[in-house]
Amino acid sequence: MSTIARVLTAFLFIVCEPGAIGRLGRALADTDGVAEVYTTTGSADFIAVVRVPDLDALATVVTQHIAGMPGIVRTDTHMAIRSYGRSDETAGFDIGVD
Amino acid sequence: MSTIARVLTAFLFIVCEPGAIGRLGRALADTDGVAEVYTTTGSADFIAVVRVPDLDALATVVTQHIAGMPGIVRTDTHMAIRSYGRSDETAGFDIGVD
Amino acid sequence: MSTIARVLTAFLFIVCEPGAIGRLGRALADTDGVAEVYTTTGSADFIAVVRVPDLDALATVVTQHIAGMPGIVRTDTHMAIRSYGRSDETAGFDIGVD
Amino acid sequence: MSTIARVLTAFLFIVCEPGAIGRLGRALADTDGVAEVYTTTGSADFIAVVRVPDLDALATVVTQHIAGMPGIVRTDTHMAIRSYGRSDETAGFDIGVD
Amino acid sequence: MSTIARVLTAFLFIVCEPGAIGRLGRALADTDGVAEVYTTTGSADFIAVVRVPDLDALATVVTQHIAGMPGIVRTDTHMAIRSYGRSDETAGFDIGVD
Amino acid sequence: MSTIARVLTAFLFIVCEPGAIGRLGRALADTDGVAEVYTTTGSADFIAVVRVPDLDALATVVTQHIAGMPGIVRTDTHMAIRSYGRSDETAGFDIGVD
Amino acid sequence: MSTIARVLTAFLFIVCEPGAIGRLGRALADTDGVAEVYTTTGSADFIAVVRVPDLDALATVVTQHIAGMPGIVRTDTHMAIRSYGRSDETAGFDIGVD
Amino acid sequence: MSTIARVLTAFLFIVCEPGAIGRLGRALADTDGVAEVYTTTGSADFIAVVRVPDLDALATVVTQHIAGMPGIVRTDTHMAIRSYGRSDETAGFDIGVD
Amino acid sequence: MSTIARVLTAFLFIVCEPGAIGRLGRALADTDGVAEVYTTTGSADFIAVVRVPDLDALATVVTQHIAGMPGIVRTDTHMAIRSYGRSDETAGFDIGVD
Amino acid sequence: MSTIARVLTAFLFIVCEPGAIGRLGRALADTDGVAEVYTTTGSADFIAVVRVPDLDALATVVTQHIAGMPGIVRTDTHMAIRSYGRSDETAGFDIGVD
């Protein structure tokens, strides 16, 4: 309920040019709003977990900061709509956008 | 800035069983939060434009109301992150989530 | 029934070069016939809602105005065929082409 | 220019259950608005050429008549937006929707 | 039965560079064997209907005339194998290759 | 030039239910017009080489004989348009349809 | 370096039957090893973040606990191989498997 | 050169019904010709490494033994054509089929 | 049974740059091991039937001779594992690798 | 149980530029951690089997050594999570990460 606790969570699947993987890992980690970044198995080169206060901040991270990095080929954004907690906690709750 | 004007926009691509198209069009239109619904050309059977006040309402529309309708096969949600206006209007603005 | 009210609706899924997203948002919004344009989650960079009086105008928007913008990689057009209204309104109605 | 000559053209890619191909060919050919229907090479079982006077008639053909036939799995509709003529004829012309 | 009436029908799905759509429409329409050409909704930029007397002519249209046009990215050919007529006409008939 | 020598060649990619592979191999080989049939590596379960005198015979093989076999899931037909010979033989020649 | 801090991170993309979304959210959240679970935009119904001490625990979560839940259609696992930290922290570090 | 040493290597990507993963792992490992079997990250449920003396044995493993197991949805076979050794060993060598 | 009769059969799906189709047809036909080559309908530009005595010869054809031709974009190899004969001939037989 | 015996297994699907296949086979085989490398049938050009002691070594092989080789287009990594043994051996066992 507090504005401090509000956060949007998005998972970014990032494909880059093969030779750019090493350089981009650190550049992604240094991007404001990127909470975690990993090289992963599978068809994406990186998965980045973005936690930002609102959609405008998400747009800034995805379309201005990350899309403009040299070597980025595609970014596919999956945004969390609802978070589910354990039964012994509170019920499925709004993840902070109102 | 006013809470009255705040709205999230999402585009839902909905695939259904072939025989259910006729019945589902009206059911989708009657769903709270669905502003427009069309049968369209291409690989989706319907495109629904959802306008809701927050992510929790979006989750309710997508995962509770629409996903539970008999005949729905898949729903792929594309959420608007940032809206762009004409140059003679205000600059790219936040679409209502903060 | 009035020719003034007639409108075709099309949803354009637009993929662009990563570095062109910032610049293209405004250019798309400034295009005649483009009613709304958003960056979105998912595999498209933009979804543009086009509302035009006839198919010829749609062809002009898609193949002449948008396809020619530098940085556009692909445009996939989904055209609305039939609109569905709420049960308490009129039945599924023709969206304005006759 | 005459309303009599106006026609929308759409190409329907139709996938059906393997055992239904024989029966569906004739049923598709008997559908109002279907001008031509072929079994074809490639990933679709049928390509049907639909010529109708307006979008409402197209919606009726696709979502009511064809989608409801037993054995239909999917129909993907590609609608003609603009027709191109030979240089020795008239220039690219509107295909009849206004 | 007459050799005059014999014709092969093929549907070509053509993808081109975005900036080449305007120029290619007329070039395709001017190609011998191309009976109709449209820009369409969906993932192809053009659908061309080719009607030729034999497979050799189809090969010439597809691999020599169209594939060589600057700006063509891919051509996917769907050839009609069998045409279906209405019940009040003759039964499913051979489309002219023997 | 002789009608005896004329032949259409088509490659059928056939996907079937996993448990039907053993039974279908022989059934496909026994089908008139099927010259060769193999289980293969890759995403198809069988590749069948069909050699028939005309398109009507191809339609009969694909849509009546094979599509109706229990356990067939999909058949994707690739038809040969032009055959290429070695430089020390005759030039690219028509494969028998006129 | 401490065994206490060691953790493997995996992102699970989970597709389920449309009617099962509501029920599965809580069931996934209650699964040992699932740190976070969200319904998301895009082609997956859920993204679950799994944090486990070793690969054997990951196998147990994915193939025994989640795959066996009624209504699950597919689970696609993307495992984090290397985590990247900010420049003002330590360099790209091993994520805890040795 | 010895017939004893000859071996074909194939990688099988196996997709199964979600509830069958636990049971199938052991069944696959017990199959003659299957040298290794793993559940893996990514879109396949299992990767099995098959090493057999000849193509006929591979066909028996894939189309008779594995395809017939209850719960198998698809098997995609990638066969090794040529093996590469380290520079300090012998040059790229034939993997045992002659 | 005779080593002379032994042959591996592989089907190569070859995609090339659009402008290279004409030139590549003859080049492929002139390649040792290529028994037949056709331009075809569908998503591949060529299907080549390769018949070679062993896997090493197949590797030479695919990775050295064909992959190196200018204009080749991708080659997807489907290798025959088992051939099926007609019921009035011998049973499913090994296709010549032991 | 011994640290010496611990090993992670990953299967790398590697796509490269057509002209680079010959050169890359040996380069991949010479890469530390690559236990086996093959050209294969199907959509990948190479399958490499990587066996390394931990995830950090896997990241080094995939993102630093292989991704940086000229001619590599994409690498898709499938990591083994659990290995299955025969019934007459020990039960499904952890593959060495703790």
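The letters A, B, C, D, E, F, G, H, I and J name the chains in turn, as written, and every chain counts its residues from 1.
Rule of thumb we're sticking to: a contact is a pair of C-beta atoms (placed from the backbone, for glycine too) under 8 Å apart; a residue touches a chain by one contact, two chains touch by 3 or more.
Model, not experiment: these values are computed from the prediction.
Farthest chain from chain F, judged by C-alpha centroids: A. Mean C-alpha position of chain B lies 45 Å from that of chain H. Computed centre separation for the pair chain D/chain J is 49 angstrom, with centres defined by C-alpha atoms.
For the pair chain B and chain G, the distance between C-alpha centroids works out to 28 Å.
Multi-chain contact residues, meaning those touching two or more other chains, occur in chain I at positions 25, 39, 41-43, 59, 62-63, 76-79, 81-82, 95.
Inter-chain contacts occur between A-B, A-C, A-G, A-H, A-J, B-C, B-D, B-E, B-G, C-D, C-E, C-G, D-E, D-F, D-I, E-F, E-I, F-H, F-I, F-J, G-H, G-J, H-I, H-J, I-J. Of all residues in chain I, only 18-19, 21-22, 25, 39, 41-43, 45 touch chain E in the complex they form. Considering their complex, residues 10, 59, 62-64, 67-69, 72-79 of chain E touch chain I. On the chain E side of its complex with chain D, the touching residues are 9, 11, 25-26, 28-30, 36-42, 44, 47, 49, 76-87, 92, 95. Chain D makes touch with chain I in their complex at residues 41-43.
Across the interface of their complex, chain C is touched by residues 8, 53-56, 58-59, 62-63, 77, 79, 81-82, 94-98 of chain D.
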